[in-house]
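As structure tokens, here come the structures.
What follows is a pair of complexes built around subunit A, which joins subunit B in one and subunit C in the other.
Let's look at the complex of A and B:
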């Protein structure tokens, strides 16, 4: 290379060929805002209707750019926290992880990226509230395909439909360890389930323990406010799953099956005691009498016993559990599973007097006088009758009584054509049990299948087992033979008429649509009611009962301050978990009434 | 007469520095007798932060390891996590990843064009190349939704599939860039100024380079063909046809020549990807990130970035949802400290930024 390089000096001058050309990258800036790409990650937009305030966006954000705040006009309800995300655009880095983890898909990013303000606080935005125009500008959003949520539930292994009807073997086989871990890993820990659970169980916490392979921890967390978790793990009505955030675009987390998994890892009462290792306080001298060893009574007894109370349960039957023992068929809830839990409850010091019917073997007055507080959890043992002609024929049985006999190990001869009337869990249970006794079963229900109060999984299970469901059918008459035995049921078809007051549609009979179906037995299952004949007159007068239920305050106290009530006899939801919740509230109420009053620090 | 040595602080606020770092120079006249790299202006404790975040949340930090070329870090992290978990990546995702990596390389080289030329006062090249890099950023914007911090390659594949009409847009941009590269040849490589200032300056000793772990164009400029895409092919590089250019003298000129040829190879690779990319899945979905744990163990994956080999080491305790340890082996660490300090001794003050840019240093990567 010579000192003067002519080529090297002239070549760069070829740049002059660009002289006079217009700029080619950003032509119109600053007069025109450049339109962003179709997938641009700009400012947030939130569909307020779709959003359930689960807060998963705030959880994933590592810049703490998102917090959840209340919005005017949006009320919290079951399955919706009532909160909505607020974004600090000074912290946001527009990674879009919040969008990809949003279970409902309500959160998205828009094409907008310019915002100028002198007020630093105005960079705090409520997406969707402060930028409603963002709806038209959505560019980065999640679909079921791109979402980071796991929408598919791990299928529960079950017995084959026709295999099931051969015996009373448990239908649901339960998750194995690997399946449970995988299912638990789907949970986003939003806690909407906790709010929906009547008992407010610590659901995200125990699911997290299962996901982290710490089953013993899960069991401890579960026992914190539920003394019958294995029962709930098998037969709970699981309001938690109805509100699961994942259910909005997928299948809810199998919360019930996960609880079942955790509790089934502990196979005897001694082991439960070892794992839960409850702190049992020194006896405090107070005596509490409990009428009925159903879920609510057992809950009261267990938690009061832990708190040092002397608890005695008076149970009319030979076994504890109430309806869960005598009402729920064994293929759903095996007896040994219940026994294990009752044994554990007895181990913490609860006394249960079996075969002691209050009002007959012991008077309510005596219990009332000899205890510092009384809890009444007697349930709804008495079935409603249909009120149609021929209901008293032979072969027309109440489903509750039928289930009681079967669960007691007795034989009941139904013949080969069973008609079940009703659409609740008792009706489905009766139908499925009848199938197991070898009968052809038809359910007559006055509304549509989707209106059935029974658990949808139970309805599906019944159909898989060959139960025939006739919806919109109202029985009008049972026909009998000369021996007074039922031979057929006459029913009339109904049409659904919308309720003017906004309630659920009403079935109205269609005239002339009468049909008759052959029957060897009819099982009525249209609901139950309370039986308070054990109360002496003075109590019956003093305690306020409305529409068949005890009137209680927020601590389950009746109009007699010493008497508390819970379970079906006090709540309208009539399921085990609500009974447990009642019991747990009563525990706090009784403790506050007796101990804290004693200490003189009642607030 | 021997002159008294003076201390000169080069940076951290200096246009001739590749980012927020400083070089303390001891000069006699305008000859450097000692250089000390001073870092610490940019420390954000990324690796420590990653230990507090779950495996997915970490991924938003990765692109910030090296701003001009973020994708190789994303890719090496994703691949290390996949190796640890044994997660399969769909074939299409692998092709998309290669395309993203090569587009990032092209963008980084264009950036380098501008920086290298500007360090010599040839500002026209810088203005052009940054403008042209914008077209590459347009592609990123269309594909990933962001121009700089893509956050696109994540464990299991890539975040989204090609948008509609993306292939055509890529080809159009590649055609344009290929034509444009000739202009850069005229303006930079043919320029007498560049030739005189680059040849024989900042010579890297081959043995020292190997000993210190120098990688990328600085090593290839010494004549050593070392490239992870060939030596340890990852994704689908073994199915693509390209060459790895090398230089001879280990000086700034050789490194520039390596980059000049490599950008053409990258365009070639991008075209092959467009031709060969199969249809199908682009993402093997990871479990719920909040509860995602990886098996106990560790994994290391390395990727060839424009500045050299970058590697990611991750270790999991098998129980928690976040890394027990996450560590990035960046090319810049050696280049910006050990190598730079060595090369600057005996150099002219005017050559400091020129040498620095030729090494492809990236201070955020030094201070992880």
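Let's look at the complex of A and C:
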């Protein structure tokens, strides 16, 4: 085929016929700049308030035109790295991928495309800072539909509501491999979540390992600073998901379920040991005593044991796990799952003395004298009482005690009308367990449903199971029959009054709105407190306790340098992951204190 | 529309035994064929089925399957139908018959595919270079071509960009997280 074409060569010359005509389309030039087309991709604009500094734009940029840099006036905080993108317009090719992958939608391209300067370095711009006028000129932006991010979470298979109440079978069924890989692939690996996690777990790394189909590596990364990951994978309060970059416009990555998936791929303690393959150092001769085998105590024991310490836990109950064993119902956290993790912790050399209540079976003094350091992780075992008339009637039980009995395999007869008072996770747990025992359950909570401190998934789950929630209801009196058994609860409705100091709105009772509800049992769940009666007088005086909690420094050390504390009895967040974080800090504190002191003597 | 589509599918399948059709809504037809069938099926579609116009030739890089999928997109003005003709070729030795005697504009598309994917069209007469000047690297539209790495190697970094920070490192520094070495390969 020939490429010389006579017609093609001569045809353009016909344009010459326009020669000499008066041009009429050009009359505004050069006074009017032509407006760019819709969706034109010009210079960047970044909404600095909306931007969270995840760096996804810088990662995707194939020309490496985007840097993440600190900006004056923007402080890093949970869910915001404090960095903002800066664009080298000399390298940018305006493909717009950065806009398409921006999880928050803060980054966009404008209709502006003219910039002339002799100084090549002036092409380095910080969108939003250097061109605030760009806000009015946005033309290329991403929506939930156009974004390349996947905003919809892979749904978690669950038992159906009315099916669940028939037994204590685990409600959440867990992702299968395909679902886990798909969910993990939604993660953009920014790592903002690690700051919100009290324990700073290596979240993007283990999610990435799952996405790349390397579950063993994921398990190894998870065990690096969490000895009870399967527990966290099932019941963690997951503050990480609150700050997830994807959550700004979609559903957060199911970080908790992915951790659950990874840990559930390993189904026995021997296999955990084989996969995690932890390096256990030679014994260094130091002995550490730990009071309480809850999450904080187990964390201290596990990581100190790996570092060559001789660790002994003193646990009052017959099983380890603390509140995660006796407080969390088995449909959320099955016992065999906990047993597997405890067995693994024992395999690395941790000794647990069960049924040994400190203060009764062994004195705190003895533990203090025979160990080089003591960690106290005793939690909050004692429930707060409501302080209303009739609270001591038969059938009025504390929810934590009720959960303890049930988790211990005992039967508790509640009758068929159970009233639960409170709005935290304990209240919801107690309500859902009561449903499983066949009762009709009503929760009375003094604030609104959205104010409930319980996990929203738990609240939803309870509603699906047929739990009735009465918000803004304050119990005032329990009525009993002649045998002293509770028969009804009298409560008063409340209205929400905004707090002038900016706190949560306060419930104020409405006079004359009293109502009465029938009850065969009442479960109080308005919080717990510490019980430090095991401490001898000298320690009780020496260790500073404020508002029911141990006062600790940044390495969890109490006012007695040899005594460390953590968990609910030392922090205000009162969840398992905070307890694990306390434990991990104490590990580093105890190691620094003992090993450094020892090395000091040698010198 | 449905009837016309069924009729075309029937005729194509009776002529080309290796044609596998895929069903699409609306006015689209889709056939996968062996690469040897390509010139004849295209001739047939153009001359017998009235698909007079070649809209485009494009390519999908199935890196994991070590194959290229070349897609010919044809249009019929009379039936207002679009037909996709796909064929898979070996990724390591990507060779296909030249078809620019059927549609002249195929010449340009083939030049583009040659430059961007490295597909050789037997009998193609065209200048060596198309859009890329003095290109020495692998064909850049192949999925294993690392654009980012290429950009980093080819263009110098403007001074004044040294203060760039890594988001993950910034957070690690702020929280005191200790990332173990074996986990680092899973960083972004």
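In the analysis below, the second predicted complex is superposed on the first by the 568 of 603 C-alpha atoms of A that agree within 3 Å, B and C clash if a C-alpha of one lies under 4 Å from a C-alpha of the other, contacts with A are read in each partner's own complex, and residues count from 1 in each chain.
Note that in this section a residue touches a chain if its C-beta (ideal position, glycine included) is under 8 Å from a C-beta of that chain, and two chains touch if they have at least 3 such contacts.
What you are looking at is a predicted structure, and each value in this text was computed from that prediction instead of being measured.
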Just checking: does A:175 make contact with subunit B only, subunit C only, both, or neither of them? Give me first, second, both or neither.
neither
Looking at A:402, would you say it contacts subunit B, subunit C, both, or neither? Reply first, second, both or neither.
neither
With both complexes superposed on chain A, which partner does A:141 reach: first (subunit B), second (subunit C), both or neither?
neither
Can A:14 be said to touch subunit B (first), subunit C (second), both, or neither?
first
Applying the document's definition of touch, where does A:120 land relative to subunit B and subunit C: first, second, both, or neither?
second
Going by the contact rule set out at the top, does A:532 touch subunit B (first), subunit C (second), both, or neither?
neither
Touching A:189, do we find subunit B (first), subunit C (second), both, or neither?
both
If we overlay the two complexes on their shared chain A, which of subunit B and subunit C does A:150 touch? Say first, second, both or neither.
first
Classify the contacts of A:478 with the two partner chains as first (subunit B alone), second (subunit C alone), both, or neither.
neither
Jot down the residues of subunit A that show up as touching in both complexes, subunit B in one and subunit C in the other.
1, 59, 62, 188-189, 208, 212
Within the complex, subunit A is touched by subunit C residues 100-101, 104, 107, 125, 147-148, 151-152, 155, 157-161, 163-168, 170-172, 174-180, 182-184, 186-188
Residues of subunit A defined as touching subunit B within the complex:
1, 5, 7-9, 11-12, 14-15, 23-26, 36-41, 59-60, 62, 93-97, 100-101, 109, 139-140, 146, 148-150, 182, 184-189, 208, 211-213
Subunit A contact footprint on subunit B (complex, rising order):
53, 56-57, 60, 122, 124, 131, 134-135, 138, 141-146, 149, 151, 159-160, 163, 183, 186-188, 190-193, 195-196, 199, 283, 285-293, 319
Inside the complex, what are the residues of subunit A that reach subunit C?
1, 53-55, 58-59, 61-64, 67-70, 76, 81-83, 86, 88, 90-91, 120-121, 123-124, 188-192, 194-195, 200, 202, 204-206, 208-209, 212, 217, 220-221, 224-225
